[in-house]
Each structure stands twice: as structure tokens, then as C-alpha cells.
Amino acid sequence: MRLTPDAAGVYPIAPTPFNADGSVDWTSTDRLFEFYAGIGSDGVTVLGIMGEAPKLEPEESVGLVKRAVAKMGGKPIIVGVSAPGFAAMRSLARQVMALGAGGVMIAPPPSLRTDDQIVGYYAQAVEAIGTDIPFVIQDYPLTLSVVMTPAVIRRIVQDNPSCVMLKHEDWPGLEKISTLRKFQADGSLRKIAILTGNGGLFLDFEMERGADGANTGYAFPELLIDVVRFSKEGKRDAAHDIFDAHLPLLRYEQQQGVGLAVRKYTMMKRGILASDAQRKPGAGLTAAAKAEVDYLLARLAKHDPRAKV
Amino acid sequence: MRLTPDAAGVYPIAPTPFNADGSVDWTSTDRLFEFYAGIGSDGVTVLGIMGEAPKLEPEESVGLVKRAVAKMGGKPIIVGVSAPGFAAMRSLARQVMALGAGGVMIAPPPSLRTDDQIVGYYAQAVEAIGTDIPFVIQDYPLTLSVVMTPAVIRRIVQDNPSCVMLKHEDWPGLEKISTLRKFQADGSLRKIAILTGNGGLFLDFEMERGADGANTGYAFPELLIDVVRFSKEGKRDAAHDIFDAHLPLLRYEQQQGVGLAVRKYTMMKRGILASDAQRKPGAGLTAAAKAEVDYLLARLAKHDPRAKV
Amino acid sequence: MRLTPDAAGVYPIAPTPFNADGSVDWTSTDRLFEFYAGIGSDGVTVLGIMGEAPKLEPEESVGLVKRAVAKMGGKPIIVGVSAPGFAAMRSLARQVMALGAGGVMIAPPPSLRTDDQIVGYYAQAVEAIGTDIPFVIQDYPLTLSVVMTPAVIRRIVQDNPSCVMLKHEDWPGLEKISTLRKFQADGSLRKIAILTGNGGLFLDFEMERGADGANTGYAFPELLIDVVRFSKEGKRDAAHDIFDAHLPLLRYEQQQGVGLAVRKYTMMKRGILASDAQRKPGAGLTAAAKAEVDYLLARLAKHDPRAKV
Amino acid sequence: MRLTPDAAGVYPIAPTPFNADGSVDWTSTDRLFEFYAGIGSDGVTVLGIMGEAPKLEPEESVGLVKRAVAKMGGKPIIVGVSAPGFAAMRSLARQVMALGAGGVMIAPPPSLRTDDQIVGYYAQAVEAIGTDIPFVIQDYPLTLSVVMTPAVIRRIVQDNPSCVMLKHEDWPGLEKISTLRKFQADGSLRKIAILTGNGGLFLDFEMERGADGANTGYAFPELLIDVVRFSKEGKRDAAHDIFDAHLPLLRYEQQQGVGLAVRKYTMMKRGILASDAQRKPGAGLTAAAKAEVDYLLARLAKHDPRAKV
């Protein structure tokens, strides 16, 4: 299904499952997407930063998208197509859309500085991939070192009708959500979906500020779904209760560099992935770190039975 | 008291109290240091990044150190002396030591890149301030964009006998603590104190990895003291229980840009500061953010009566 | 004399003369300013990046300004006041203006990213130093990593009546000068002085694009004065002839890190400075580098007798 | 021919010729490589930063390598294979070597900071592409913001027998060349080729410090060949005379962002390229800039008849 500005809910960032020898583990891949569909995800994002996208051969990337399309039951698939050049971005974008993807996600290259450079970059990207492909702005200054003001995001959205979603992972970004929603209320910004990232570390309050959901990874995406649902139902305390129970682990998974290792290790313990292997180069967990995750899981299981692994 | 490699426990990073008109609030300053001493802090750090140091006139900086010395009952005072040039660093360092400070903290300038540049910078800094002043390495890549490997830290420590402490705020940094302690165990690194920063976001596990305590800010430094004490007593679950109860607020305070506003607002509500004012330029909290802090405090109060404010 | 938007000509960036023991060489300082005045400089800039400003004690900085005021015969003195905090910026700015400086130069801190952050920073700086002090914007992305579009510079100029000059050292920046002059022609930007930096590496064409002169260092500031004068007289070939003769040395002096050593070494050979010493930390020239400078000077002397040293 | 540590002379960085409609101009491509071979180039580098590599489709990249192999008469072809991931790097490297390329060039990703990270990256890259492919280290801190000390380069060279060349474009880098040659003399570094970049801006002295030649672009690669030849023949003044004659234009071509436009415009005027078009996104020259290049060419033609275009 194509991605639209009305998208909402949880789009997990899918890790790419590997076998211990570094080959793609297609069995786990199928199981992973079935898992995401089964818990009620509203879509999925593949080939993101946490999907180890740059380590994949083109045919592997395509294979991943095909599996996602096949298993996600018509839910929109967002595909990361950020690339150092527009030729590669265009090729991948058009190819995955032909395979049934719902839209693409584009991060700005780290060299961009001024407002005009950022706005200009998205104009060029849209010209490259075509105006018919729905796209997501990835706003992630902590990692990409590109800072977009709300006004810059508004310019990109208003200039490009094919922009349908903001993956919001500025930090701190609560006021940014509020400002964008104010822009929408005063009519200066059309409605787009705002799904948040940053591993969900502020999802509790992001929802209250007007986010439509989460577009991020965490070894228990069910938690993200719970928070989004409780929040939409107005059950504030319930949303915070389940969120707070997961926060110690969720925070632990947010460590730059080893976060993906934590996520894969946990998903392996849950039986979703057969292995926690990353393709080279990738940092594994030390024995001390694994023991810390195990301890956090044991503590979490007292509050959330799904953590009994 | 002079700072030594045997330092341990909690050294809160003191905010600088201001009146609403931007002048230093000396009454709150006295109360703040009395509060830190009263709860059992092992020392205090002033003129850190979160102390709004660059906004202070020289005589104000000196005044702050004098109050800390007067009120902290002989506990070591660490003074941030990072500066764009060694002349200013030397002046401030020698002046505050003469006033009774225990040591100084030096952050590397953001332009440093190679291992040798970093090691060379600390050699020059020590030559500038004198080899008789105990100093703390501030290792804070997220903000300073200078990355020090454990081996580089070892070179700095071994080259400079006046280095007594590492303020560890690499992120993620758990393995770094383990590696440094291994260096110490194998005899290649002499013993220094490792106190951790990052607002305490990983203090629970940092203690288990071998940290000696925390050198960081949080509106409830009592929590830091609790975690350090429980951890040293081997009460692992108790340490995590109290830590987890505070984590939602502690995480909220970790937002770059507004973190200090959250901290000052909370400390004002606690009656420690008369005002949450920052000297210009400084970001205040919106009404929405204040309400979020209030909500977090109310939830925290159920677990920790000290949060009833 | 106070700096005005009508400033033009050459304002050399003065190096700070040191004795071999690291103390300020006040005799050479006097001689240096007399030299600048004697060759017809239109003003001078002190405490710039190439003036080793952060290595100076406050009283030394003040002494330098006093000497410049005393020796430059009423020509405007521009004083670099960039600082990590507004308190230090304000103190220094007000102090040097009281001593007779003509204006101050303010560089943006490297952390600024968005257009609004840059504009906001200058608003805060002006609020801090006072609206009565003429100031110069330093636009130097190569070193400061802050990128200002022409539209951002326009906002700063239009917002702040006390802005009188742009030190233009974007690279490449020829089109930026043309754009700013177009803004002025269409009435959207009031007239300010544009003096160029970057060691003069593009001064030949910068003048043709509409610059008013140079605000930069070079061991032969006479060359900068020649190029500016010939250019204003419409003697294009003469301007380029003398520029091209100096370009091999001028380019050699543009090496980041050792450029100041080249400049000081040459000015010592010219008899202007008694020593080429830099205060620690500072890179000296190797014997190989000195021999290269000597060779370049010998070659230059065939075209310009002033280079016979 | 395979690239070896004995490589020397001039390897121009080839621009990629485009038609005005953005398609690759294969006729100009053939003519370009014939031109490089005809003037006595010792090899050529394709798919470098100035080759607009990220804008090319995979089949276009391959086509470019094929033409270079066909036209360069057995001279080594160096192919830029830098990529955000090792999968793409490996694919391209093995493919172009099978087509007859002589070696590959690898730039470090901008995120690398510590010495160990840089050394580790090259180890991983070699593991990815295979130890049988000769490779060139690109050391270009100004653009890549990765700083490699001579000792780090030594580690990479000594660790990886397939490393055969350093593309040296540190700035300033004269002492780096001297240091590396000293390492070689003291036996701690095996012999590799050192070819310099930076558009040749310091080629005159780089040769005297021990460089083997140039691996860089300039609209008149004949100048680079002249300087290298004169220098090797010990004709120091002749080398500098021809270098200095070209320096005004060479410097003009060094402007970041528009340098490639200057180069293509000049090569079009020389009849080598049919068009100065860049594939989108790319900055063209304004009329003012073109007139400046024309003026520089007219001035250059008085010294070098090859510049009569």
C-alpha cells in the first residue's frame, strides 16, 4: 500500500537478519516480518540506518523489500534510499516502488548547513526519484549533524506534494512537534504524518505533543504499539506505566554503536532472529553486556510477561 | 581539600543560581552548597558546562568558588577551567587553587582529532597551569566531538602525575570503564578515580563496571548518592530499583538544550533555588514542558517521597 | 577613529610579537604598528585568530590595543572580541572601545547551524556588548564551519544598525560579494564595508567583484595595498601583475597551521619583528620550510624590490 | 597494468564528460583519455570526487573504466571505490579489476576519529575487497575531516601489503611527506608511491620534499607533468617558473564548489570536452566567473602557448 499523509501508528525499523557466516538469513527475515504483522504494526521500515543497509548487495536489498511486501499483508513498506548520489537513490527508489513498496525515506547528507541547502537538497532528490513517489523526511541531527528548523521542514513539505511523513528524531524535539502542529493549525503547513524515532526514548510525551506514532526500532515493538494505543485512547497513566517499565532496557538499547547488538541479541532470545550476528563490520556484545541485558530482561518480566524469554 | 586519585562518591555539577534580572543569586548559591553538603555529597564541581561558566564575569566565577569552599565543609571543589587559550586557563586555575579549590577539570577543544593531538594538548595544558594542580580529564565526545580511546587516556594519565580523575561521559561507555580497569589490573595504568557524567543515564551499570561514583548533575543528587551507595554495598536490586524509579525524569532532564532548564525548574520547586532563571542566552521551559515535569514529579513521588514538591 | 560603513582599503591582521622567552615584545609591537601606519594602511585589526589572542593575558590584550591606538595615527582599530561567552565578549568590547578602538569583530561559534541560530547569535551579541559599538561580522566557514548565506548576512545587517563591516572570508566567495552588492543595488541591503580575508588569495578578483579592500594578514601588506589601489584606479593588469608576482609566497603563507610561522619568519627577516617566536603552543618552521621561504623571497625580489631582505 | 609501489609521475583525476542533457558524452570521454595518454600521463584516476562518481549509474561507471583501459595504452587506471558500505566497495573493486583497472582508491568515511578507527577501517576495507587488489590511501582531511598522522599511515601501509600508494592531500602537508620519507629511510616504512593532490597547489615544493608525482586534476595536466619532470631532472628554477605562470589559474580552479566548473569550462575551451555540463546537481559558472577564467587564460598564454585557446 502506498504511504499517505494519514499514516499513523507504529512502523518498526527492521534489522536485517544475518547468519553467523554473514549471509542474509532469509528464514528469520520472513519470521521477522510475520512477527511485525502479527503484533499489529501499521507498516515497517527497511534499509534504515539500523538495517545495516550499506552492507547489503543490491540484490539482497531488493530481496528484503520483496519479503516485506509479501509478509506485511498490504501494510505500507518504507524503504531507506539515502545515498551519496542521486543516481543510486533514483535506481533504488524506482525499483522498490515497482516491487510494491509504499514510499521511501531520505536523510540529508551530513555536509548540508544552511536552510537553503537543505531545502534545495530535497528539491533535487524529488526531481531525481520522480514526483510520484511518496517520501519521508528523516530529521536526525544527532547522527547526521544536519539541523532543520520547523520552518525548513515546512518549506520542504509545502514545496513537495509527494512528501507525506516526517521521521522526527531531533533531540530534544518535543517543542518541534508542537510547533509543527501549530503551523498545521494556522494553515501554513498541510497535514503530514509525524512518526518519531530516537529509539522511542521520548515516545510517551511525543504522542502527547501530537505525534501520530513511532517509526523506530526496539526489541519489543509491542511496547511502542501499546504506548501509541493508550495515548490515542487518552489513557495517559497506562501509557506511562508500560513505557516506564520498559525504559531501563529501552535506554540501554539506545547506546550508540552497540544499540543494534543489544536489539539483535534480545530479538534472538525472543526467538524472532536465529542469530544476533551483524555483517562485518559490526560490534558484538561482550559477556558483561549480555549479562546486563539478561538482568534487565529479568527485571522487565516482572512488569511485562512478554519479556519472559 | 585537594583532589586525589582516591576520590569517590558523588560530585554534583552545580548550576549557577541567577535572579530573574540576570544577576547571580548569592543567597541561593549558599543554600545550594549547603544542600549538597547536607545530603552527603563527597565534593562538588563548579563552572562546568551546565554551570553557565562562559556567561560569568571573572569576579563572579571567583565568588562562586569562594562560596563553595566556605560551605562544603572541606570537601574537594573541582573547578572547570576549560578555555580557548592557555593564558586564561592558567590564570583561573592558579587563582581558584589559591582560594582553596581541590582541583581543576579540563575538556579538550573540539578541533582535536588525532591521538597525538589529544595527548599533546593535555601536556601543554599541564605545562600551562603547572604540574602541582590536580586535574580531571573530561571525556565527553557527544558534546565536544573529541574521541579518546582508553589507550589515549592511559597515555595522558601515565604522562602526567597530576592527573587524578577521569570524568567519564563517553556514550556508550560501559566497555571503556571495563577496559580502563583492566589496564589498571595489568599494571599498565596507575589508579585514578573514574567518576561518570552524562547526567547519570547509565550510572546503574557504570558502578557495576568499576566506576568510583558520579560527577554529574541531576535535580535529585540524592538519587546519585543512593545508587552509588547501594552499588558499593553490593545491593544490586536496590540500586536499580531506586534508579529505575527516577529514570523517566532523569531521562527527561537529559534533553540537550533544555536539560538545564528542567534541572533548575525542579530545583526551584524543591526550594533549593529561588528562581529557575538562566542568564542570557538561555532557553526557558514552555508551559507544556513545565506540565510534563510536574507530571513526572507526581509519578516519581509515589516511589520516592523526596519528590513531593 | 570609529569604524563606519564607509571603511575601505587595507586593515592588516596584526600578529602579536613575542620574545623568544614567550613574553610580549613591546618594542616590536610599536615598530609593527608604525610600519602599518607608514605604508598607508587604512586601519588595523588586532586580537584576530592570527594574533594568537587566546594566548594573551587580559592586560596584554589591553596593552596591545593601547599601542595600536597610540601608533596608528587615528586610523580605526578593529579588535577581535569573539569569546565562548557573552560576559567576556562584553567586558573586552567595552574596555577596548573606552581605550579608543574603532570597532570590534565577532565570529560565530562553531556550533551554530541554522539560519535562525546565526541571526539570533548576532542579536544576542549586540545586546551583550551594547548597540553603540560598531561591529564586524567574520564570515569564515573554512575554519569556523558556520555557513552564512548572503540572505543571512543581510538579515544581520538590517537587524543591527551597529553592524558596519563584513570580513568576507568564505571560500569560494566571489559570487557572494556579487550577490551582496546586488542586494545593495536593489535596496534590500544597506551599504556596509566588505573587506576580504583568506590571506588575500583571491583579492585580485574580490576587488573586481565589489570588495572595498582587505582585512587580512600577509608578510607584505604593501602588496594588499597595491592591489586595492590599482584596482580602484581601474588599472586591472597592474593589479594582477603585482598580485601574481606575490602569489607563490602568498599561497605558501596560506598553509593552515604553519601560515603564521611563515608570516612571522618573513616579517623578522624584513626587520619588522625582532623574533619569529610564537607563544606556546605554536608550530615553528623546520629548516626545510625556512629554506623554501628564502627561495620564494629570492624569486619574488626579482619582481618586487621590497622583497630583498 | 597493475599499480605498484614504484608508480610515479602524473595520474590526472579525470572529470566525467556529460552532454548538455545530462547523459554521458562518450565521444568526449574517448578524446579525454586519448588526450591524457598523448601528453604523457603515467596513468589516470577515474571515479574520484571530482569525477562526479556518485551521480553515475553502475553501468556508466563501468563504461568509464572500460574506455580508460582501452585508451590509456596499458598505463595503470586507478578507480575510486569509496562507498558508504563495504558491499558496494567490494562489488565495484572486483568488477573494475576484472576489466583491467590497475588499482583502487579508498577514502576514509568522515565519521572516523581515533587512530585505531582509521587503521581498523582500512583493515576491514582490505578484507572486503580482497588482499589481491592494489589500493591507494586517500588522505584528504580538508574535505573528509579525517586526520591521519604519518604514524597512522605507516600502520596502514605496514599492515596491508596491498597498499601501494598514498594520495597525499593533507594541507599543509610538506612536513608530512618529509616525515614519511624519513620513516622509509629509517626502515620503519616500506616504499610506497606518494602522489599529491590538492589540485597541485603545492606541487612545486611537494616534489622537492620527496613526492613521486601528482594524482590530481587541473585543466592543464601538462603543467603537472612539466613540474614533475623538471623537478626530477633537478631543474628547480624551471619547475618553479612554469608552476608560477600557472598558479593564478590553478589557484582559481581550487575554489571549493566551483572548481570543477572552472576545470570543465577550460577543458571545453581547449577542445577536449564538447561541453562543460555537469550532471545535476552541479554548480555552473556565472558570466562574471567565465570572464575571469578567460582573462586568466589570456594572461597565462603570454607565458605558456598551450593556454592559447
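The chains carry the letters A, B, C and D, assigned in the order they are written, with residues numbered from 1 in each.
As a working rule, contacts are C-beta pairs under 8 Å (C-beta built on N, C-alpha and C of every residue); 3 or more make two chains touch, one makes a residue touch a chain.
Just so it is clear, the model here is predicted, and its values are computed rather than measured.
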State which chains count as neighbours of chain A and simultaneously of chain D.
B, C
In terms of CA centroid distance, which chain is the most far removed from chain D?
B
In whole angstrom, how far does the Cα centroid of chain A sit from the Cα centroid of chain C?
48
From the mean C-alpha coordinate of chain B to that of chain C, what's the distance rounded to whole Å?
39
Suppose each chain is reduced to the average of its Cα coordinates; what separation in Å results between chain C and chain D?
33
By residue number and range, which residues of chain D touch two or more other chains?
none
Please output the residues of chain C touching chain A within their complex, sorted ascending.
113-117, 141, 145-149, 151-152
Touching residues of chain D toward chain A in the complex: what are they?
53-57, 60, 83-88, 91, 110, 120, 124, 127-128, 280-281
Taking the touch rule as given, give the residues of chain D at its contact with chain C in the complex, in rising order.
171-172, 174-175, 178, 201-202, 204-205, 208-209, 240, 243-244, 247-248, 251-252, 255-259, 286, 288-289, 292, 299
